[in-house]
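Quick heads-up: structures coming right below.
Look for chain A in each of the two complexes below; its partner is chain B in the first and chain C in the second.
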Partner chain A sequence: MWRYLAEAGAVFAKDMRTELRTRVAFNALGLFAITTLAAVSYTIGPYRIAEADRPYLLSALLWIVIFFAAMAGLDRSFVKEEDSHTAALLRLSARPLVVWGGKLLFNVVVLDLLMVILVPLYVVLMGFEVRSITGLVWILLAGGYTLAVTTTIVAAIIARASSRGALFSVLSLPLLLPLLIFVIQGTRAVAEGSAGGVISALRAVISLGGVMTLVSIVLFPAVWNE
Partner chain B sequence: MSSRRPFAEILKWILFVWIGVIIWAAFFYAPAAAGFKGQSSRIVFFHVPVAWVATLAFLVSCVASIRYLKTRSVADDIRAEVASSLGLLFAVLATVTGSIFARIMWGSYWNWDPRETSITFLLLIYAAYFALRAAVADPERRASLAAVYSILAFVTVPFLVFVVPRIYWSLHPDTIINAQAKIKMGSHMFEVLMGSLVGFSGLFVWLYTVACRIETIRRRRQQEVL
Partner chain C sequence: MSRGIFPFMGGGITIEFEDLAKRFDMRVVFRSVSGRVAPGEVLAVTGPNGSGKSTLVTILCGLVRATRGRVLYREGSGEIPRESWRDHLGIVAPAMSLYEELDALENLRFFALVRGVDDAETRCRASLERVGLDPDRTTPVRGFSTGMHQRLKIAQAVLHDPQVLFLDEPGANLDPAGQDWLEKLVASERDAGKTIVLATNDLREMEWGTSRVALSG
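The block that comes next holds the complex of A and B.
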């Protein structure tokens, strides 16, 4: 187990080093999120939504910004291996599950970094009232993980496809729609201060994340060795 | 062809008569349910079976995909593709029949009810499956990547069919398997519904076997041309 974690950590560290060299994923996710936030904040702002609609609409907008930003860069982890012809070498030097673990860790860290910057900005610019910060943190962590685990396996699939184009968004978004419903429901419950709503949404998100993790562990070798 | 498969021919005629009897029974044997506008409740005898067949088809696609990843047999890839296309067709039929019912009962073809939302997501997921198939040129790689995506897609089905409609308040009438595990349906209606489920499942089996044979011939021809 420790050996597996150390090897996955090495893949993660390699990805982080190459990412810091080029900053393609960081720039894509960060700029997309900030630009979308600026557009949403400018066109809607904190006062154009009726008080009763605020928890639901602001929760939905927050997750739409996060989801579309994720679509802009989370496929990089696998696509860059194919583009730079390093995938074959990685296949020789690491077991499939080690690669999957390292790439998943990379996507989770990138997404969490994005949320650390984006969410406070969103709260300030949109006047989003959060009644339970702990609840919001749990929803963001669980939602972020499930988003990362789903996009990691889809990124592995599209990296092996001949024409990638918009395929990452086309394949990821439908699979992520149930998650989008659960996290919006959970964030709305956070804004309304409903602990029951947060727990119910967290259960659904964690279940989906757990199932996606197990299925990815079983299926990833078939995609990676193809 | 018919002389070589007499048993299949007999089954086909039994199915034809069975479906005919079900159509007659849906209009003349089962009474219209109380609490619904006019004769609108009779659509249940067609809407529920097509929704059931769509789910069954997606299950068959998932099972065939798992088998493909184990055996790498082209026949399993054909089974998965055909089952997904039939699932998509029956999901469209479920959406259309549901929309007709929604127009009569609630005055609008589309209300973004949780069940309408779930079926839309399912349509998008399986449309993405075909987008993936179209994006991969190599037949073997196409088959294995599509198999992985089909399994991932089926993982979301329980969340869309069972979890999402129970998280949101729904206009949709109680399902046959409801939260109280009680059948709220008259005996004549229940008999016709069960008969219809059997009939539509038989129709799916017939369409599935015919479509698998056609697809096998099409691929063989394609190989001969190449």
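The block that comes next holds the complex of A and C.
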């Protein structure tokens, strides 16, 4: 177990080091998120939504921004390995689940960093009232993990396709639609101060994350090696 | 240890391949290729451009599956399962790149860690010094000359002291001194009982082979 963690940690550290030097994924995610947030806050802002509609609409808008920002950059870690011809050597050096674990950790950290910057800005700019910060943090952590684990396996699948184009978003959307519904419900419950709603949404999101983790562990070696 | 006086007595890995064929869509790359390479031997794979030398190497190292035929790795009387081949091999190939944003030591450190190499730092430094690169040079690999690139690829291939070495055009981009050094390295690895597969078009490198598979294209 320790050996696995050390090897996956090496893949994560390598990806993080190369990302800090090129900033391809950081720029893609960050620019998309900030541009979308600026556009939404300028056109809608905190006062153009009726009080009763706020929890619904602001929760949905928050996750739409996070989802599309993720679509803009979370496929990079696998696509870059193929584009720069480093994937073959990685396949011959590291065990498949080590690669998966390292790439997943990288995507989780990148998404969490994005949310650390984006969510407080969103709360301030959109006047999003949060009744339970703990609840919001749990929804963001669970939702972020499930989003990352799903996009990681989809990125591995599309990385070797010759015409990737919109393939990443097209394949991810049906897998992520149930997640989006549950995290939006959970975030709305956070805004309404409904502890029962938060717990129920968290259960669903954690279950989805667990299923996607198991599916990825089973599928990834075949996806990566074949 | 001289191979002539003390034939290789240790475990080592023998690679056997039988009736291999590879086709990409409708294009047949090669068909019915068979051979065997034992510890302490160098199998030279030769042939004109496009004859499938690199494809054969990727099949033998387990990266690509053959359309037909089979490859076996034997250690003593036992067979090594395909998913464990990677633990035993090192490879240099033109189509396999290192991480351009990292420096030489960072690249080797990464490969040492994912391979679970003990005493990684010392091994990485020794490996770089062995190929004539400075371990303390912090220039990213993208700033290396093609010859330095090739030396680093070779350092990566021998870093974990693998029992099987795949060398696809290993002398490409090396200057005459580098080619002399490479010849000595191949000889020392062969004498240490390594199993070596060498794909080349270079007449000098072909001479290093103890047996040969010629692909006709």
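FYI, the second predicted complex is superposed on the first by the 226 of 226 C-alpha atoms of A that agree within 3 Å, B and C clash if a C-alpha of one lies under 4 Å from a C-alpha of the other, contacts with A are read in each partner's own complex, and residues count from 1 in each chain.
FYI, a residue touches a chain if its C-beta (ideal position, glycine included) is under 8 Å from a C-beta of that chain, and two chains touch if they have at least 3 such contacts.
Model, not experiment: these values are computed from the prediction.
Applying the stated contact rule after C-alpha superposition, one finds that A:48 touches neither chain B nor chain C.
In the superposition on chain A, A:181 makes contact with chain B only, while chain C stays out of contact range.
After overlaying the two complexes on the shared chain, residue contacts for A:219 are found with chain B alone; chain C is out of touch. Residue contacts after overlaying the shared chain place A:93 against chain C, while chain B stays out of touching range.
More residues of chain A lie in touch with B than with the remaining chain of the pair chain B and chain C. Of the two partner chains, chain B is the only one touched by A:167; chain C is not. When both complexes are aligned on chain A by C-alpha atoms, chain A residues 226 touch chain B in the first and chain C in the second. Interface residues of chain A, counted against chain C in their complex, comprise 3, 6-7, 9-11, 13-14, 17-18, 21-22, 84-86, 88-95, 98, 226. Residue ranges of chain C in contact with chain A, taken from their complex: 58, 61-63, 65, 86, 89, 91, 93, 95-102, 106, 110-111, 113-116, 140, 156. Within the complex formed with chain A, the residues of chain B that make contact are 69, 117, 121, 124-125, 127-128, 131-132, 135-138, 141, 144-145, 147-149, 151-153, 155-156, 159-160, 163-164, 167-168. Of all the residues in chain A, the ones that touch chain B in their complex are 150, 153-154, 157-158, 160-165, 167, 170-171, 173-175, 177-178, 181-182, 185, 200-201, 204, 207-208, 211-212, 215, 219, 222-223, 226.
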